[in-house]
């Protein structure tokens, strides 16, 4: 039975963000050759865990500020595969010089407010009763078609931009303003308006939304990728004035940094700014 | 005297969740044979503490993210038995490589909104006065019958699913929205609606609710067990729109991970993804 | 001058709760004889600091969960005496293996809502003006009589139950619900109703309330003592529905555990469940 | 230009509170002579930094509970002088055995609600326009007179009481109750009522208020000094019912402890209760 | 397309604040010559990273209180340059004696409420439609002119004052008071009033606002520079009564301290109060 209050969602990659602080003093005492080897071990372990782009993707990010020095983003096919990535990093020699400071567990998600409403409408027009098996079957068939249509958005590559921004967020459930107590139509309208602003930034920023209800402490994780970090500020500031954000969004901590190729991890450990992606 | 505002509850296992971070660097420096021995010591200690399934149950979970690497769930007959489990883990050699990051103390609980109302109604129809000893005796007798009827839900086994999700929660006591100031009937209606959604997920997820008022910092703990972790997200998201959750639920931190047999603890410490339960 | 908005309170023991985490790995490396000696040193220091029951009382509690392994409760005649207890524990050898995780400073307190109202009423009937010295003298004389009447509740022994529950709490000062802005009569009525529920648990639980305004971060500390820990849950859950709690109570962290005789501290350090009080 | 919404304030000592936890295990391993020397070094450094009472004052407090073991309070002429005190403590040998757990930066402040209103009224009666230079000059001259009148309250000695209580606080800026949106008159009335309660405790407690807007995370710091710690509880509890506190006060963490002469620091480190001030 | 609800902003320096606690015990054990060398390494690294004032600026601040001992403020051309500064500090030998306690990532920002309104008005008067390309081009051209006009405020030097105050802040998005749901005009009016108060402090304090939406956990960072620290308190207290602050401002932690020349870092590490800027 499809609950008409709940927008359908489509899911893709399982996602793990891991933030670490580097023990710079102790790693500085290690031999340069050891730093090199430790960096290679991590890069190799990550590379080996994805035979093809179909298995997943990952990124390394030099974070700015004290919340962490290094962020690893991993997109994988399953939680088992995320578990493998985390264990590989945990048992790598570099781990002796890292302290985990934060993390996020989620699954890439496309919220389908418009699509959900449209399918319900179409099936109703076909005279199907919402509690019938035929309705369910037709609904599921349509969702399967959609899932294929948007497969590349459910299983995206990680954009090779220099700047990356990650933050988790909730929809507010306050005593007067409560997203989950708004009607489906109101929520759909607000999401539509919200999406329109996002589209005016097309080409300058790529956004990957992942759902984390049941997996982590906020409801969604947002990854933004851009060449110019100012775009993060402009986009989020402009959205802060749309109703969905102004009244209903709650934001967690923000992580911002510089993406670099895994092969440059050794340079980073030497204190050299690692280059951008090619 | 039975307070007619308060739903009766039935209680089962005493429950302890213990989350630990592994000191991967230091444990990597230990001899493989020592890791093997330390893992066996823990598995043996847990196994010995429950002679039969009647004494309790426990599970090991590889957590995803930085909130912990390992979660131990123990169901036991009493707080004394939980104390024994915790001390056994604390004094095990593996503890040298573990840091406690979180925990939860609770008792398996069935909330009996419908049943409470029904008994009060029946006894009233029998002409018993709510403050009489006869009323109390009849009430207690009925509760005892219920306790036997649902014994397997009060003292459940731990489902052998791959994925486990744990989180604590409260019913809101806000300045305008206050669960505890709602009438018994309103609360019963909301719990009924809430339960209906849960039942549409039967077969895909098993839920164990435990009460923690007086024991820990939230009012209830929720354990979900499923083969497909997506079910956690779908279930909790759908419930978020029912009134009991949308208006009255407050959620604590979420812990999600991969259940594995205690015999695979050594593999986990070696950095190998431990297998699912058989 | 006695402020008619403020209920009088009577005070007894100065109270200190100290929660510690044990460094199980390092203490496991110590020689058994050393653990024995360290345990004895603590037990002796506590015993010596109270020549007679008139000087105070103390208890050791094995905590469940990660918030601490050991809780020490000390009732003493003064803050100086509490300072002595804390320093004795701090300089004991065992301290090398302990990390303080929490604490609470308070003074046993009896809130006298009914009594305050009654005295004000009686003195008014005697024609005494509330701002006169005679009024003050009569008031103070009556309070002194009360203080003697309830001396055993101001300076109680620590009940020798197996289970102990401690938590701090506040009365809410929200923007709409504000305990301190309610009239004296409303507050007195709510406390009366609250107390009635407590009395139905007489014989199953002993409650010691201590005031901590000016001493610690919450307004009151609550210690509950019971043989059956389920009583903590039942009592606090039922109270949660009375108006004083439902609308005005805010709760801090809960600590629950198993009381044991100081002589069993060595067994606890060996990882054996220490026995209950005799 | 003097903003008529803003009460004038007069300022005195720059104030620094520093709270430390002692590493009792490690300091217990030090030689007694070393502990003696380390204590003397701290006492000497503090004494040397104030040639006369005109340069400042300081106090040592043994804290109760786990939030710290030792609190240093320093009153000085400037932030430079506070910086000197902090550096002297930081570079003292004892620092090897201390962990900073909290601190507070503020400046002794007298809020002048009544005085501000009175001056504005007098100048208006003299026919001076509020935006004229003459008004400003007259206002400043009057403030200078006041500053001299209350110099001993701006630059007080530290009372030699046994018990000290420190806590920071805010005036609430809630969505409905907002101190800063109340009229000057309403605020002045509430402060007057608040002050009256304080005056009934004269002789039993000394209060030093310091302002910390722009310096630390709360708006004010409050130090209370009394021989009987019960007075802290009685005073703050009674004030909690006046409107300024009941509706508008927000309280931070409370620190309570036993003041002792710097010369007794060595005894404290030996685990002996240090004596009260002479 | 220019969103008429959103005030335009102009951006300058990328900004990084890094707060560190010094391990005074361990650094006190180092040889004086080593402390000297470590201080020089940091000062040199900072100096080298900016060939001319056009590349950026930085400041060292001795913090008061326990939130940190040392704050580094860096203004740079890009996030890459901030990454370079952070890595240089991380790999410096001094880092062995530092623990990061806080940080802030932002970009110098001028909010242009008045200017935005004025441009929209002018373009409307010229008969340009808000969605036309001509409108956009004219708008952008005007913003470019503005950017040049205020270049020295976008890329300021760091004032050589003794006292520095840093704090982050948000505009409130409460359930009833919501900055982002207010009309453009109301917001512009409140910012105008807010700015007027600031201007009465001209000459006594310099303020640098930086935007951090998308970069850090608050929306803006505020740096204040003054010779007399009392000005921080007076300014922020007075502003607290204007509507933009009283109703809509939320403040994060405050950091206050003493600016000193990088060449004096060695003196600071020796425990000598470093001198003010020349």
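For clarity, chains are labelled A, B, C, D and E in written order, and residue numbers in each chain start from 1.
The rule is simple: contacts are C-beta pairs under 8 Å (C-beta built on N, C-alpha and C of every residue); 3 or more make two chains touch, one makes a residue touch a chain.
None of these values were measured; they are calculated from a predicted model.
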(Q) For subunit A versus subunit E, which are copies of one sequence, does the interface use mostly the same residue numbers on each side, meaning over half shared, or is it different? (A) different
Q: For subunit A and subunit C, let me know how many angstrom lie between their CA-based centres, rounded off.
A: 47
Q: Round to the nearest whole Å and give the separation of the Cα centres of subunit A and subunit B.
A: 29
Q) Using the touch rule from the top of the page, what residues of subunit A touch 2 or more other chains? A) 175-176
(Q) What's the contact topology between the chains, one of line, ring, star, complete, other? (A) ring
Q | Residue ranges of subunit B in contact with subunit A within the complex | A | 21-22, 24-25, 28, 62, 64-67, 69, 162-163, 165, 174-177, 197, 200, 224, 229-230, 232-238, 240-241, 243, 245-247, 249, 253-254, 256-258, 268, 270-273
Q: Could you pull out which subunit C residues touch subunit D in their complex?
A: 1, 3, 5-6, 9, 11, 14, 16, 18-19, 79-80, 82-84, 86-88, 90-91, 93, 95-97, 100-105, 107, 173, 175-176, 178, 180-181, 211-217
